[in-house]
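Next come two complexes, and both contain chain A; in the first it sits with chain B, in the second with chain C.
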Partner chain A sequence: MNTDIILILLVLTNLRLLGAGRLGASVRTVAVQGVLLGVLALLTHHDNLTVAVLLVALSGMILKGVVFPWLLFRALREAEVEREVEPFVGPILSLLAGVAALSGSLWLARRLPLPESPGSSLLVAVALFSILVGLFLIITRKKAISQVLGFLVMENGIYAFGVGLVLESPLLVELSVLLDVFVAVFVMGIIIFHISREFDHIDTHELTNLKD
Partner chain B sequence: MIWLLILVPMLAGIAAFGVRNNPARRALLVASAAAHSGLTVAAWFWMPSPVLNGWFALDGLGLLFLSITSALFLPVSVYAVSYLRRESSGRIQDIEEGFLFDNAPEATFTACLLLFLAAMTLVTVSQHVGLLWVAVEATTLASAPLIYFHRHHRSLEATWKYLLICSVGIALALLGNFVLAVAASSTPGSEPIPMVFGNLITHATRLHVPWLKAAFLLILVGYGTKMGLAPLHTWLPDAHSESPSVISALLSGALLNCAFLGIIRTQQICVAAGLGDFSRELLVGFGLISMVVAAVFIVGQNDFKRMLAYSSVEHMGILSLGIGLGGVGVFGALLHAVNHSLTKAMLFLVAGNILGAYHTKSTTEVRGVLRALPVSGVMWLAGLLAIIGSPPFGPFLSELTILKASLDHGRTIVAIIYLALLAVIFIGMTTVALRMTQGETTKAPQRESLIAILPPALLGVGILLLGLYIPPVLNNLLHETARALGGL
Partner chain C sequence: MNFISFIQPLLAPLQAGLALMLSPLLLGVINRTKAAFAGRNGQPVLQLYFDLWKLLHKGAVYSRTTTWVFRAGPIIGLAAVLLATMFVPLGGLRSTVSFTGDLVLLAYLLGLMRFFTVLAALDTGSSFEGMGASREVAFSALAEPALLLGLAALARQSGSLSLSSIYSSLSFDAWLEAGPMLALVVAVLMVVFLAENARIPVDDPNTHLELTMIHEVMVLDHSGPDFAFILYGAALKLWVLGALLAGLIIPIRTGNPWLDGGACLMGMFVIAMIVGIVESSMARLRLLCVPQLLVGAGALAVVALILSLR
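This part shows the complex of A and B:
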């Protein structure tokens, strides 16, 4: 099977995130993205599948596809927020920005010469695109939980870059990175819970007391 | 021994979650801090052997930053005991808006403090690019609950900003690591270079140049966010002003250095690959921008903890500038890292004393500290004089060394900007120091508790000694490290 299909699916999930109006849908889309990344890892390594690769890909899939959505849905439930995304930038404009980011990434990836690597230049483009979409979501979304989603999308983009270019990093490092991201989401979830209790909502544009 | 250095604070931290008795937990905190310091001192005499394929090893650079961290943590942990005693009495009134709030459970606080130490130790001993990243991210996660010790909306806002901005920044550094791996994987017919700093430096000439440049840029921006280099410093003043003073002292004195270590190690690879000029120019640029931003916000700053925070941005700029200038500047930057950490930790601890007595962070409302708190007043004045670079304190010496480096290399314009910014900050901070310490106050002179003044006093003695005499062992280590970094 070709990895390009996975890459195109990743692009589609990113566009879906930009256009999504409900928080629940966004959380599920990010979960799908996590599973796709696991499949990408398995596909790129399919001719020399080691236990280490299998372990990292599977734990990544479980974490990103099951554990994170569960944590985020729990935070949503406990924070009792309305389920709308409430962006500063509307869905149409977000999608247009997404298309611009996509063409920008494609252009940039074409110009970056890959030294001796089996990864396609489409991969670099998709990774860059995911990182840009993640940053865009962090900046333009009001709710703390959407910003966490943006962070995860960005992290996914970086992960895709690492996996797709067949960068061999030792098992210990891979698992520690996953553990770090897990703890990050966990801590952010706790803080979101406190924000909702303190302010009765989780809109970060109200967090503007500290300034000079 | 490296395992012990990491495991002692880590296991003590996990144990602290379970200890119910407050005095016992505080004793555990100080005891593990003392044990950590003891191990660090031992490492000066018997360099510990590398473990785990050399992924964890102490070199001169790591030992220097480990020593700074450990030297700060011990006095800070003693001070924390007095702080926790003061804060443990139920609901507390907010000093700015007057509402009542609770603190986080003391067990969580102590545990995170110890885990934070473990994470910072991990940063200093990591030789693997990926593990270094993991360790730096771990410091963010361990310190976020510490900033949210006072459970109210301002500290919550500061914690959220800290967590999000630093996580995004560090995510960029992770991308930088992958890009570095691409640079190392190239060249047909040869094995990819292991992602260990030592190996990358030895084989630096084999690295793919455009990808190495991109990697350095991403890592500089990524760890630079954590280090507080402008324009990515925005989390820093909020986190420092809202967290308890003990935590501000550790954030400024120890945590920022850890991120700096990541940048220095990557810079070392660039120098070995012959890209020294490229990376140095970037460091000089970021350094000067940070100093400008800090100067703008220090002048007229109304909150003395925010003022100290911006001063940290300034000094991180000076460190980056020193490394960027190269030559004797590298030595100056390393010495300055030591001086800045000791001075800033002392200042934040004293700021905690002032805050405890006056219940305000406003520089205009605090008057006559010298009368009300004689010991803290003297230390506040001395500390501020030291941090703005007046003799005979340590920072004067290191700032002068960096000035010398810029003149040595014929960078007159850089030297002029550097001096002008230092002068602006000098005036801005002296005004505040004099206004706060002098003048009349309605407060009667207070007896200050010994464990609240002894830790900052010891740090103060340290910076005074470093200004007059650098011990030969430290001097040797600094020289050896500066040479390894391509300076001197």
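This part shows the complex of A and C:
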């Protein structure tokens, strides 16, 4: 029941991301999603709460809830971009696509043969939905920073899948994935800054016009 | 217990009478709440009753360009919403009329009311009213799926297609069992309630600025008794959707009709106060943002439906 509430909140944050018009709101929503995932990890393992689980969940919450938003807001500020998302696909169509993706991932989750049944029947569907939403954000948004957000949402989906399915996930793997994501966001923040300094914008659509 | 079984057949007409008598009071409560927030004394709570009484004693003025459609609009609109009132249960009580599938009829009676209001507005030939009609239709086309999907989620949860049995099964246990789903439906119904009744953040009932009006602009040419019908119809519509919302939020199902109905009635006046608070503390949304809000509500309704199908 409690994990279900967290999973539904995850779905709602994903829908919010699809409908959001401003970059700041998107960054904050992804931060909330990161914290929710940490809570999800703690809730699914609350019977056998080990130091490893605690460490992974808390470091994930701090990284995704505090450090990433800070990095991204800094990149936003230094790149001096406008605050609108500027999507190729508008918010209403994005929301409808999100609803379709949610139904599709539920359908898929029912048919997916899993070696071990997850804690909640919603979990696999929500994980797939997050991955699809992340992909959608990467494809349909113009600004480079939205693509970092899409990447983070995809990673969140994979993380949710791992949290629900693997009872004793190896500490080293989880931590190294977190470290990878951290480095990725760090580097992307620097790249966004440099792109904006070089071309006066961070519009990836314009990159198709580049010549060597 | 004997008393309750004795009173049971009287409850249905009593409920209908309550709706007919008290619905204008809801608007009075909303206006008084807004006045309190603005630091004014505000109009009397019974102001709408006075207005209706005054309008019913006036004559109507009809433009030469209008046809019978313009005169039929308010009458058919009021008849449709009166019929819709008969289907809506107050809390866990049985509604005056109920049968399998009445929730679909309810949605389409509200649709019929809107259709004839829009036709009457178009019949005046005023471009101004046509603009309001086009906005009303565009927004309600998005609000209707949200309402139907939300009700479908409730129907699926309770395993029944009649509003009375759906609402009588919405007890505390149902909230414990499917709380997240019901909370989503509450959010959806709240947005639909505000949009369908032309309240802030979708439409401002006080404004008479042509750029932003939606509902008010459609009824500008009606006068006298016709306008009274429209005002009374709007109050009944507020009652219908308010009862749907209050029956969901207040899950008191003791079996005692006075307690259940009374709690739901209190809930409706609390909702009216919440509407007043929303209107005092929020600005209208930009016209372009309204479809986003309504589609968002529709998406929430789909999520609720999916959760109930699980």
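The rule we apply is simple: the second predicted complex is superposed on the first by the 203 of 212 C-alpha atoms of A that agree within 3 Å, B and C clash if a C-alpha of one lies under 4 Å from a C-alpha of the other, contacts with A are read in each partner's own complex, and residues count from 1 in each chain.
Basically, a residue touches a chain if its C-beta (ideal position, glycine included) is under 8 Å from a C-beta of that chain, and two chains touch if they have at least 3 such contacts.
All values reported here derive from a predicted model rather than from experimental measurement.
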Which of chain B and chain C A:Val66 touches, first, second, both or neither: neither
Contacts of A:Leu49 with chain B and chain C, given as first, second, both or neither: neither
Contacts of A:Leu106 with chain B and chain C, given as first, second, both or neither: second
Partner chain(s) touched by A:Ser121 [first = chain B, second = chain C, both, neither]: second
Comparing the two partners chain B and chain C, which touches a greater set of residues in chain A: B
Which superposed partner A:Leu58 touches (first chain B, second chain C, both, neither): neither
Contacts of A:Leu135 with chain B and chain C, given as first, second, both or neither: first
Contact footprint of chain A on chain C as seen in their complex: 179-180, 184, 291-292, 295-296, 298-300, 302-303, 306-307, 310
Touching residues on chain A, where the partner in the complex is chain C: 4-5, 8, 11-12, 15, 19, 91-92, 95-96, 98-99, 102-103, 106, 121-122
Contact footprint of chain B on chain A as seen in their complex: 112-117, 131, 135, 138, 144, 147, 151, 154-155, 158, 161-162, 165, 167-170, 172-174, 176-177, 179-180, 183-184, 187-188, 191, 194-195, 198-199, 204, 207-210, 212
Chain A-touching residues of chain B, taken from the complex the two chains share: 128, 130-131, 133-134, 137-138, 140-141, 144-145, 148, 151-154, 156-161, 163-164, 167-168, 171, 174-175, 178, 181-183, 185-188, 192, 195, 208, 210-211, 237-238, 241-242, 297, 301, 306
